[in-house]
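Everything below concerns the one structure shown next.
We call the chains A, B, C and D, going by the order they appear; numbering starts again at 1 in every chain.
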Amino acid sequence: MTILRYLFYILVFPGALFTIAVGLFMAGIDRKVIAHMQKRVGPPLRQPMYDFFKLLGKETIIPAKANRAAFLAAPVLSFVSLCFIMLFIPIFGFTAINGAADMIVILYLVTIPGAALIIGGASSGSPFASIGISREMVTMMAYELPFVLVLLTVAKKVGGDQLVFNLSLVSDYQAVNGSLLSHWSMIPAALAMLLVIPAEVGTQPFDVAEAENEICEGPLVEYSGSPLALFKLSINMKMIIMTGLFTSMFLGGIRTGFVALDALLFVIICIAVMLVSITTIHAVTARLKIEHLFKFYWTVVAGLALVSTILVWIGM
Amino acid sequence: MIQHFPVLAVMGMFLGAFLIEIFGSKNAAVRNAISFITFTVVAGLVYALVKPIIIDGGVIAYWMGNWEPVAGYAIGIGYEVDALGLVFAIIAITAFWISNLYSFGYMKGEHHLGHYYTLFMMLCGSILGFCMTGDLFNMYIMVEIMTFSAVALTGFITEKDGALEAALKYLVLCSLGSGFILTGIALIYLQCHTLNIAQLASMLSGGLTPTTLLAFALTVAGFGVKSFMVPFHTPLADAHAVAPSPISMVLSGVVTKAGVYGMIRCIYIMFRAMDLTQMQIIITAFGAVTMFVGVSMALAQHDFKRLLAFHSISQVGYIITAAGLGTALGLTGGIFHAMNHMLFKGLLFLAAGAVLHQTGGVTNLDKLGGLSKRMPHTTVCFLFGAAAISGLPPFNGFASKWLIYQAAYTKAAETGNFYYLIITITALVVSVMTLASFVKIAQAVFFGQLSEENKDVKEAPAIMLVPMYILAALCLLTGIFYRPIAADFILPAVRSAVDVVKYIDVMMGEGYAAAAGVYNMAVSNVMVSSWSPIVYLILFVTVFIAAFIVILGSKSDRGATVEVDPKNAMKHSNFFSGEEAVYSHVGGSDMLWGYKYDFKPYYRVMEELHSGRVTDYCNMVVIATAIIVVFMFMFMR
Amino acid sequence: MFKKLIDKSAAKSPWLFHLNTGSCNGCDIEIVACLTPRYDAERFGFKLAGSPRHADILVVSGPITVQSRDRLIRTIEQTPDPKCVVSIGSCPKSGNVFKGSYGIDGPLDKYVHVDVSVAGCTPKPEAIMEGLYKAALILEKKREAMHK
Amino acid sequence: MMFPYLTTALTNLFRKPSAEPFPNPEDMGKPRYRGRISFDADKCVDCGMCIKVCAPLAITREEEEVEGGTNIKRSFNMTSCTFCAYCQDFCGTKAIQLTPDYHMVAEDPEDLITVGTTFKKKVLGKLACDIDNCIYCGLCMRSCPEQAITVDRTTKTWTVDHDKCVKCGMCITKCPKKVLSFKEAAPEGVVFSDSCVYCTLCAKKCPVGAIKVNREAKTWEIDRETCIKCGQCVTNCPKKALSMGPLE
């Protein structure tokens, strides 16, 4: 029975199916809203699904110079690890594997898809991919500092002088004290986190690594067919995971008592977060240079997060 | 019987060294047999101590020649093995056993191998002695043996460029460190008229006089040199770059740990200064600087082994920081990380050695590339090691780093000190920078494109692969079962490190500590957040395999996965914007551009500091020592 | 199970790879103009891909110059099946005003079967979109033929 | 401001998208767009001007001899055309029109070729001008696709290069005074005049021996069959009594 329940968790509810479905849906909304912001009609909402299934139907070419095993395993690694991260993120009151992981674990788990992308890109043997993974790595280094600051700030805010890294506890705290976004000292941290999300997902101004018109989509350059489908799906799944992380860190605390209703609300709030952090920024900006990106994250975004950290630290 | 084991282990090692010098300098089989048997027997002896010491929580005291203390004064040389020393001894003997196995393959064909194994076993024996001794001067002697055999082994392949230079740098810097330690010991002897650590611990518990304070500062600095923390780290990079890979492995996995062990022994037990806030601050400060400088220098390197050397420095920074926090959780993390570092850094050095051995001595990251197709096993091992050192779950590096973060953050939250938060953030950011530099190696050496010169590279021989696979398996297993290991293996060591009373009582007789007014440091309980890698891993592997089979294995309803066929070469060549695919490997120096650009001013300073001149390095050592001394005199009186 | 959906998706999500084989840039900017708000090709799922490995439709503009010939052949080879080739403007099909020049080695039909040709110099974005739309429908047919 | 388009983007959310509906087959393009070529074969006079002005060689012409004339098949290949509309501009009879229809998309390239066949009657005779009524306006010169006609108003000359003339009849339709026509021209040859002194030089110079001169009888005869109209006799005549010209 436990096994069945866990199987359900992994394959259906907070795991694979839920993440894929919501991820594709969110990607559809993202594209639609960006289109409207640019006065276009935009693709239908199910366009990401079409993209995914079309790629499944394409031929898979493995370059002769590539390391076959790593080349094929990398997208699966990325996809599967993303399926699991969702299990550790509380959907308001509900966490699939409760207490199995905390924020630091999630911080590391979300680097695994990035690492998988890097291994996949590196194993393809293309110089474009090499430049791409170099940029991907610098991007990861760039957003890691503000991300860490935000996580520690939330932990301090919630725990006081206790060690609280558990997201479920963060969620519980918000149920009692109101969402963290309503505490004004957390607003800079929330802003910083909103800017971390697009870099983690890899959308417009921060998609230096996958710049399609400079370096032919970087690490993905040699991918085709189903492996590419998995990587593209991973990007969509990252949307729900990162916005979900934001939601449970800053906008948690809603308790309706029904898991389904909670999940629905969760998805709605995630979409709202995505509209602010991913869509709007995507629609109004052009791609940054990698050195500007690094500087931006280590000065502006980290600065915002640091302001919040100091405010929380002095007890505001 | 069991109390003879520590001495037997040390003596056995030295005996083996002499036997090899006598019988093994000509015949390889005899030599290998002697070294293998000696290492196995000594490992057996050390592992036999696990039961009484770690599991039962005992401490073994042994007086050489039965010179027991007279009237509360230790006269003879005493060996005292507690869980802390034993854990480090186990780390050492494990590393040496594996490294010895690897040496059989790696060192084949070198000259004067008899001397090599002699020195190698002397190094091992000295470190075992260092970890097990209860006598301060004996400790110093072991440090000296360790230093000189390490120097000789570093420059062992004398025909290699820079080998002698590196050995000289190593020798000069370590002699300075030894000098500091010796001065410190002399000062202590001046004050206390004894050299037994247990007795010193009871005598120094009343507070520090100026003389002992100076001795303390010098000893800490001296062990700092031995552990290569940051201002003292300079010779290590050169040494690793030229030393044979098995030696690199033990240099980074064991010799630096010996310095850390000395520091822990010195601070926690002998001077018992760890409950002083200032002490914690200076040690963690050095640790954090070591972490950051090590990793940032590693990012700029373009020599495989030099890069790994800077990572050794960075990881030692983690251990020192963790140990410097002065909490049980921190020390747990630190010792756990010391063990893990031996495992994954050993693995990485062995992988580097395999590459070096098979490509005929190329370690320049710009000249390698694409070796994953030629050396798949080495690549797998390297990826395991890289994932472990970067702290990706569920490998062991994650488990120990995670304990360190928690320790640092708990410290910050409890004391309300912003300084510890900065330490936590540094530790977290350094971790991702570590990942970055391993991405760089992975791209520059194992992935990317195969160059013409390396077309015929073969996989390393089995004798080199077996040690690597052992280490890789250990990396994964210790990561998955980190909970029992931390609780049943590391935690006793931590308890023994803070349980000074027992340490003194076992050595000097029951009630001695109480008579001297020694009390144990107050240490908070170990509180660990939950993270069950087993659940994660089992689920992950199952679903990974299922997904792999379903999504990529089936051919039913998608384009067929086409095998490479020479007729269709154009289709399977890389996309070069339509150009003919040529060799255009992106080497190590080309990676991480945006980061290097933004950190230019920092690197300019670093470049000036790492000038390569021994005099400069000596200046750095002296200045850093002076800073430690001044700091201690200013804040700890 | 998803056979039908995959076939349908082939027509719904065609990704383009644009190959300039010596074009004067007139057609190129019109292809980009297709993505602008006025024409909005994205509403049919068209997207410019960065690599031929991702592409379904190869959009060729320009007479085939000698320099670009080998690159063209290689790029077409590297595109995974099912794929379509669309020639934009007069140049790829004939060489246009450059016909007979020593630097031209056209037409495109010499190297690959052109599925849809769009005439015009340059074609209007509407015409290009019409051509791409046609190509997308051909893609679906090709995809259906693949599992027969 | 760091994001200058932020307000635009947000307000656009509440506006109608400016995308045009697609597909829109009714839209036949803007009036002056140069699109699909239409060719009215009946109007064509096969002057060849279009072929001449076509830079990308998109227009081809095929002849087919039939009874009483030639069938001329003209095809306009729109996959080769630059749509410069020179053919339209130069077409004297407005047979070629570039319509605003831009839907030039086809899977089969044959669909993008406009074809028209003109029947051209065999024209006998040469272009001739009734010089007396000519006003030397030069319209014929300008309408001639082959620039075979030269008109000079100052010296009042009208000449035609019959080698260049393709007998399209464009000049005839353009002529305001209707003085041009195709006429069966008289055969040319050496013309004898009365100023001859019967020096026999012409007979000596004639390469084929076609001229026979009798000094005594004062007769000058030429065998028109053997004459090759080389003009040696004309140039060598001391009294300029011989000339080349139309025979009676």
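To be clear about the criterion, a residue touches a chain if its C-beta (ideal position, glycine included) is under 8 Å from a C-beta of that chain, and two chains touch if they have at least 3 such contacts.
Everything numeric in this text was worked out from a predicted model, so none of it was measured.
Trainee: Among the chains, which one keeps its Cα centre farthest from the Cα centre of chain A?
Mentor: Relative to chain A, the chain with the farthest C-alpha centre is D.
Trainee: Please state whether A-C or A-B has more C-beta contact pairs across its interface.
Mentor: Output for the comparison: A-B.
Trainee: When the mean CA coordinate of each chain is compared with the mean CA coordinate of the whole protein, which chain is closest?
Mentor: A
Trainee: Calculate how many whole Å lie between the centre of chain A and the centre of chain C, each centre taken as the average of the chain's C-alpha atoms.
Mentor: For chain A versus chain C, the centre distance works out to 34 Å.
Trainee: Nearest whole angstrom, what separates the Cα centre of chain B from the Cα centre of chain D?
Mentor: 94
Trainee: Nearest whole angstrom, what separates the Cα centre of chain A from the Cα centre of chain B?
Mentor: 35
Trainee: So how far apart, in whole Å, are chain B and chain C when each is placed at the average of its C-alpha atoms?
Mentor: 58
Trainee: Provide the list of chain B residues touching at least two other chains, using ranges where the numbers run on.
Mentor: Residue numbers touching two or more other chains: 557-559, 571, 573, 575, 577.
Trainee: What positions in chain C touch 2 or more of the other chains?
Mentor: Expected reply: 2, 6, 37, 40, 43, 51, 53, 78, 80-81, 146.
Trainee: Multi-chain contacts in chain A: which residues touch at least two other chains?
Mentor: 35, 38-42, 56-61, 128, 216, 221-222, 225 - these are the residues of chain A that touch more than one other chain.
Trainee: What chain pairs are in touch here?
Mentor: A-B, A-C, A-D, B-C, C-D
Trainee: Inside the complex, what are the residues of chain B that reach chain A?
Mentor: 370, 372-373, 376, 379, 383, 387, 390-393, 398, 402, 405-406, 409-410, 413-414, 416, 418, 421, 424-425, 428-429, 432-433, 435-436, 439-440, 442-443, 446-450, 527, 529-532, 535-536, 539-540, 543-544, 547-548, 551-552, 557-562, 564, 569, 571-577, 581, 584-586, 590-595, 597-598
Trainee: In their complex, what parts of chain D are in touch with chain A?
Mentor: 3-6, 8-10, 12-13, 15, 17-19
Trainee: Give the list of chain A residues in touch with chain C in this complex.
Mentor: Chain A reaches chain C through residues 31, 35, 38-44, 47, 49-54, 56-61, 128, 211-213, 215-217, 220-225, 228.
Trainee: Any idea which chain B residues touch chain C in the complex?
Mentor: Counting only chain B, the residues touching chain C are 557-559, 568, 570-571, 573, 575, 577-580.
Trainee: What residues on chain A touch chain B, complex-wise?
Mentor: Residues in contact with chain B: 6, 10, 16, 56-65, 67, 69-70, 72-73, 76-77, 79-81, 83-84, 97, 99-102, 104-105, 107-109, 111-112, 115, 118-119, 122-128, 130-131, 133-135, 137-138, 140-142, 144-145, 148-149, 152, 155-156, 159-163, 165-166, 208, 216, 221-222, 225-227, 230, 289-295, 298, 309-310, 313.
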